[in-house]
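Shared between the two complexes below is subunit A, which pairs with subunit B and subunit C, respectively.
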Partner chain A sequence: MGRPGFVLEVDERTPPLLIHEGDGFRLERLPLGSQVIYPPESLPGIVDLDGAIRRALLHPHGSDPLPRLLRRGMRLTIVFDDLSLPLPPMRTPDVRQRVIEQVLEMAATAGVDDVELIAANSLHRRMTPAELKRTVGERVFRAFHPGHLRNHDAEDPDDLAHLGTTAHGEDVEINRRAAESDLLIYVNITLTAMNGGSKSVTVGLASYASLRHHHNVHTLRHSRSFNDPPNSAMHHSYDRMADLIGGQVPVFTIETTLNNEPFPSALRFLTRREWEWNLTDQASYLAVKRSNELAGPKLRRRIWQATEAPYGVTGVHAGAPSLVHPHTLAAVHRQQLTEVSGQADVAIFGLPYICPYNVNSIMNPILVMSLGLGYFFNLYRGRPIVRQGGVVIFYHPVPHEFHPVHHPSYIDFYELLAETTDPVMLETKYEKQFATDPWYIHLYRTSYAYHGVHPFYMWYWGAHAMQHLSDVIFVGGNRSTTARLGFRAASSLADALELARDTVGADPAITYLHAPPMVLADVR
Partner chain B sequence: MSGLRDELRLLRYGRDWRGRARVPRSARRWEPPETAEDFPTAWARGPVASALRAALQQGVLKPVVWSQTRPEVHGREYLEGVRGPTIFIANHSSHLDTPLVLGALPPRITKKLAVGAAADYFFDSRAIAAATTLLFNAFPVERRGSRRGRSLAAELVDDGWSLLLYPEGSRTADGWLSAFKLGAAQLCAMKRVPAVPIALRGTFAAMPRGRRWPQPGRPQVSVRIGRPLHLGKTETVPEFRTRLVRAVATLWAEEDLGWYRAMRAGADGTLALPTGSRSVLPTNDTSQPGPSPDASSWRRIWEATRSPSGDDPREVWTD
Partner chain C sequence: MNLALEYHRSASRYFTARAVSSTRPGGRLAGTVAAALAPLQLVERANPVPPDESWTRVEPVLSGICGSDLGLLTGRSSPYLGPLTSMPFVLGHEVLGRTLDELPGLPRGTRVVIDPVLRCAARGLPACPACLAGHTCRCDRITTGRLAAGLQTGFCADTGGGWSRRLLAHASQLHAVPDSLADGVAVLVEPLACAVHAVRRVPIPPGASVLVIGAGTVGLLTLLALRKLTTAGEIHVIAKHRHQAQRARELGATQVIGTENTIRALRRSTGALLLEPELGEGYLLGGLDLAFECTGGPTGLSTALRSLRAGGTVVASGMPASGVDLTPLWYRELNLVGAYASAVEEEPSQGDFPAAISLATAAPLEGYVEGKYPLEQWRAAVDHAASAGRLGAIKVVFAPS
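Entry: the complex of A and B
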């Protein structure tokens, strides 16, 4: 059994602590008295995973066993989370493959012929055939691709169904095949508390017309945090939409949760507490760091992107979405929740090389912002880790680089930031133009590009943090790109604290969130 | 290169030579429980490792130690009659002690000698444990009665191995003798094997705790080996331990009093024990050597860091 998460107070005994910075990492000596939030140690994965999946399918929450829901002649649609989950991609066989295979075995036994598999990629880029094969496995891929294993297309008017509007006037438009199925089975991986539940179908299979009701500045500024569904306006919107969908389409969901093992054994030092590093860990740190630095940016990226996480599965729950998700959230909290007392003046985050939108791709400056002020800032429950008017210090080089195939609209969006970085201004003035641009839509549908509106969503992701903070500083950040994003760059932590001094004084309370692995701060 | 140096410096910050950092105070309650696994050492007693060890000890370790210090070895002749498993016990104040004893003992003994090493010190890191095991044929000894596996000592004696043990349990903090634990005497009684006392002088001065290399200037050190002692028929284990302490103290005193006077003082019961901060055994004599246990710690350390032959330069010309 892993040890729980805890808050370290840096004293004179504390060795330098590991901080991620893009596709690198460093050791940093934090000021005495700083708080460091450590995630709980990894929980053991389920040994008999196939058995656990089978039990979940045969004894679901609030539903008949899956075999009883399957019948000859039915339209069955199996939808699964796309490549944005988990991070890093998990070692094969992916848990989605193992779930889908068992579902299909039951469907085959029941004599179901009309089966369609859809990746719930929403406005993300399409998954390549290789990525699809990696996710669902060889057998499923060979049996269904390309005719019946495909990506969701949020811009195909023939394959979208408008199911109605919620009481709040929110359009609910999702994938037509899914909406018109006799049974919709959703196979999910819940990596953080924001995933899964109502979000799965309402976001993964939605169109822009539907997404704009919750992916907007107002909603995100009232999602505090979006990793705490009861206090997230975004999740309230998802719930309303899910209720509407649930009234028309029978949904059977299978949610899985993972433990805290995102790195292979050669990188074990990344997940160990620094004072417990033995000589092997120290030698690995030195060897990996030096070779990483010698590798050069392209090779470095390729190596990191090839990293597969040896995640263990901590829970499999199936059944009615609203009844399954509380069990899933409990499992996530068991693995990630760490109690923290009080807010800090300065929060420090080390941003890693990967976020949901640069798998097999490049982390561009807008994604860096979204990872930092969106995902990391929102890794809290209760109150933000840093107080209102506080300062956040990120570690990331913020290089000026974009993937021209995956992120074409990001390149143009980056130019808009020269005019304004205000999310409301960007939303009102430019969102629609980008969202409806025919070229971006063409690239989204036929190439492997994120939707034209996606960079806006990334920017909104940080809207709450931008409103909350008085300053954002990137240690080691490229000066021109950080300036374009509206932030500041510092060459060292000491410089960053010096820059923050005007705002938070000379002796600020500092909290460093030691992640990855994932941790959710329960700030009291 | 400077980048690597800086990186190493950062990595080494707050860590000891074994790479271990102290646990931050706020993390103490989350320390992992001790694992019950013992580092395997049997491989080091096989023929290949033994041959490699003999070569390393005679070809590297001894020449290095002998080049950095000036060892004087006395009493090697007492070992001529020693056959079969024997427990060598010595006072312990420096990491130099083991290499010195191994260099002082004849190879016919060292090739069948295992050294007891603190499990919590030498066997916490696998790399250090492997190196210690290979070079010294070390086996883990628990000194604080933890939950780890039981000691290998008895098994090794059964297998015909002699042992080098430090009954004080740890290097002394001030260079003087501290209390002997019962384990070594108990082992002699249990297995009916002789104990050979050894007194080491000057090693504290040459390389005390905290130093990783002997002081410059080839400090003098001495290894005095005593006659093998056997447990008497009616002797109890604590009594045997007392005899062992006195034997080591007598050898210790030889450095100051000479062989005969030390032996006389020992026989008369007037020999004061070279105790450190804690009394080893009760004594009614105050004649010598060193400051009394009541002396302040700086005086004890001051005396202990005196070279056995004084600080005078070594004589080049002799009559």
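Entry: the complex of A and C
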């Protein structure tokens, strides 16, 4: 059993602390008195994972065992989380493959012939055949691709079904094949507390008409945080939609949780507490940092993107979605929750090279914003890590680069930011135009592009933080791109604190969230 | 004597200026190149004498420096135009002046602007078919008659030009300027008449989407004419400099975009499909209805051709450049229409100049003229004009008197 998470107070003996900054990292000496939030140490992974999966399928929560739900002649649809999970991609065999293989064996035993597999990519880019193969495994891929293993297409009017509207007037429109199945099985990886549960089907298989009801500025500003479902307006909307779907389609979900091992052993120092680094860790740090700096940006990106996480699986729960998810959340909390006392004036986050939307791709400035003010800022339960009116300092170079195939609408969205960075203004004036733009739709459906509206969602992701904070500063950030995003750049932490001085004074309370690995601050 | 800036034939200077200005650094220093290499001389000429009572001497008050003047001085203009001029000539065809002789209906001392086209009427010839139809800018007799060859005042050895203290103008060229029109606005009437002409060259259906490429004098005045004389819908303007963008917005541009990623920005506005070939720049399937190319540069024309919907129309208002891939013209069945100078039209009161004067009276054109130079400082003037956009100016002029 790993040690629990804890909060370190920086004193004279505290060594420089590791901070991620895009395709790199640094050791930084934080001001005395700063608080550092560490995640719990990685929990051990399940040794007999196949056995655990089998047990979950045979002893589900709130449902008959899976074999009893399967029958000859039925329409069975197996849906799985797309490549946005987990981060980094996990070492093969992916846990989704191991779950899907067992589900398929049970289906075959029951004589089920009509089986379709669908990646729940929502408005994300389609997964390439290689990415699909990596996720479901060679055997399943060969047997089902391309005819019966495909990506969800949120712009195919023939493959969408409008199931109705919730009591709040929210349209529920999802993948038709899934909606018209006799059984919908969802295979999930819950990496953070926002994943899984009602979100899986209501988001992963939805269309823009449905997503716009919860992916909007108002909802995001009232999701505090979206990693705390009971206090997330976004999750309340998911729940309403999931109830409506559940009334029409039987859903059997299999949720898995992971431990805190995102980096291979050569990068073990990235997950160890700095004062416990041994000589090997120190040598690794120096060697990796030096070679990382010597590599050019493209090679560096390729190396980092090729990193596979040796994640261990900490939990497998199956059955009725509403009964499964509490177990999943409990497992996530066991691995990630760290109690924190009080809010800071200044929060520091080191933003790594990867987020859910740049797997095998480029982290563009919009995604940097979303990663920082969306994902990292919202890694809290209770109250934000930084107080209302406080300042956030990120570490990231914020380079001006975009993937032309994956993120075409992001390139255009970036130009809009010259006009305004106000999420409401952007939503009101431009969202519909981007969402219905035929070129973006064409690229989403036939190429490997994120949907036209996706950069708006990324911007909304940070709407709560933008409303909460007085200032956002990027240490090492490209001045031009940072300014376009509406933020400021500083060359060092000292400069950043100097810039923040007008807002938070000369001696602010500072908290550094030491992630990755994932940590969820339970701020009291 | 008449102080004048005279242009001489000099093949060596022309080709040297052309070679230097065609390079990237030379292009950026076009004004310096023109000032150093242009075959231009400040000379004392004999005062011009009107050939008969239908002519008058004109004392220029302000005389603009046009893009076509700069094209000539930097060797960028086409040799095609050579036979349409007579050497040596005095440049300057955007002229606001005062008449020095009596003309019927035009007393001496009248403040006038000059329609520079030296058509049949000025040449003492019976009207050619083009002039008869009011298409005076298409006059076929531009090299004959009692005047030396010269497509316009400012390119003819006999009439002189606005970059001097005296020139000759025929009664048919003159338009009285109302007192309410300030000098700094009145000198813009000639380029505004060209803009009016360009807009009148093609039918513009109500709600048509239009692209104006360039936001210098020609581009801004074309935008003005589009907004005032047509019911065009969205008008997108490509502006290189911030002050140009600001003025374009004042004149009613729907959207002003920079010179970077223009095709992407236009695609975003139109919802067209963007295709990107392996070599060369991207282009739209779908796109805008019309484009007015107001820069005269190959990039501008290329942008126009790549941004229009099939069957769309490009109006070349700027003196066009060579070296453009015309594949889109062929593949998308585009119409390429030239718009040169201005026309009298069949009913002269409806001509481009009267329309321009009327527009100028009501338009917010104050402040467009910033640099006013005496003839003696012609090098500085030319340098300033060539860098006008970068230096925050729209129009640079001589104040010869």
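Details
Heads up, the rule we're going with is that the second predicted complex is superposed on the first by the 524 of 524 C-alpha atoms of A that agree within 3 Å, B and C clash if a C-alpha of one lies under 4 Å from a C-alpha of the other, contacts with A are read in each partner's own complex, and residues count from 1 in each chain.
In this text, a contact is a pair of C-beta atoms (placed from the backbone, for glycine too) under 8 Å apart; a residue touches a chain by one contact, two chains touch by 3 or more.
This one's a predicted model, so the numbers in the text were calculated from it and none came from an experiment.
The superposed arrangement places subunit B and subunit C next to each other on subunit A without a clash. In the superposition on chain A, A:A287 makes contact with neither subunit B nor subunit C. By the touch criterion defined above, A:L32 lies against neither subunit B nor subunit C after alignment on the C-alpha atoms of chain A.
Using the contact criterion defined above for the overlaid structures, shared-chain residue A:A130 touches neither subunit B nor subunit C, since it reaches no partner.
Touch criterion met: A:E415 reaches subunit C, while subunit B stays clear of it.
Applying the stated contact rule after C-alpha superposition, one finds that A:T14 touches subunit B and leaves subunit C untouched.
Between subunit B and subunit C, B touches the greater number of residues of subunit A. Of the two partner chains placed by superposition, only subunit B is touched by A:E276; subunit C is not.
Remark: in the superposition on chain A the angle formed at subunit A by the CA centres of subunit B and subunit C amounts to 120 degrees, rounded in steps of 10.
In the superposed model, A:P438 makes contact with subunit C only, not with subunit B. Overlay on chain A (Cα): least separation between subunit B and subunit C is 37 Å.
Those residues of subunit C that touch subunit A in the shared complex are 261, 264-265, 267-268, 271-274. Within the complex formed with subunit B, the subunit A residues making contact are 3-4, 6-11, 13-16, 27, 29, 273-280, 282, 285-286, 289-290, 293. Against subunit A, the residues of subunit B that register as touching in their complex are 3-4, 7-8, 10-11, 13-15, 18-27, 30, 32, 124-128.
Those residues of subunit A that touch subunit C in the shared complex are 411-412, 415, 433, 436-439, 442.
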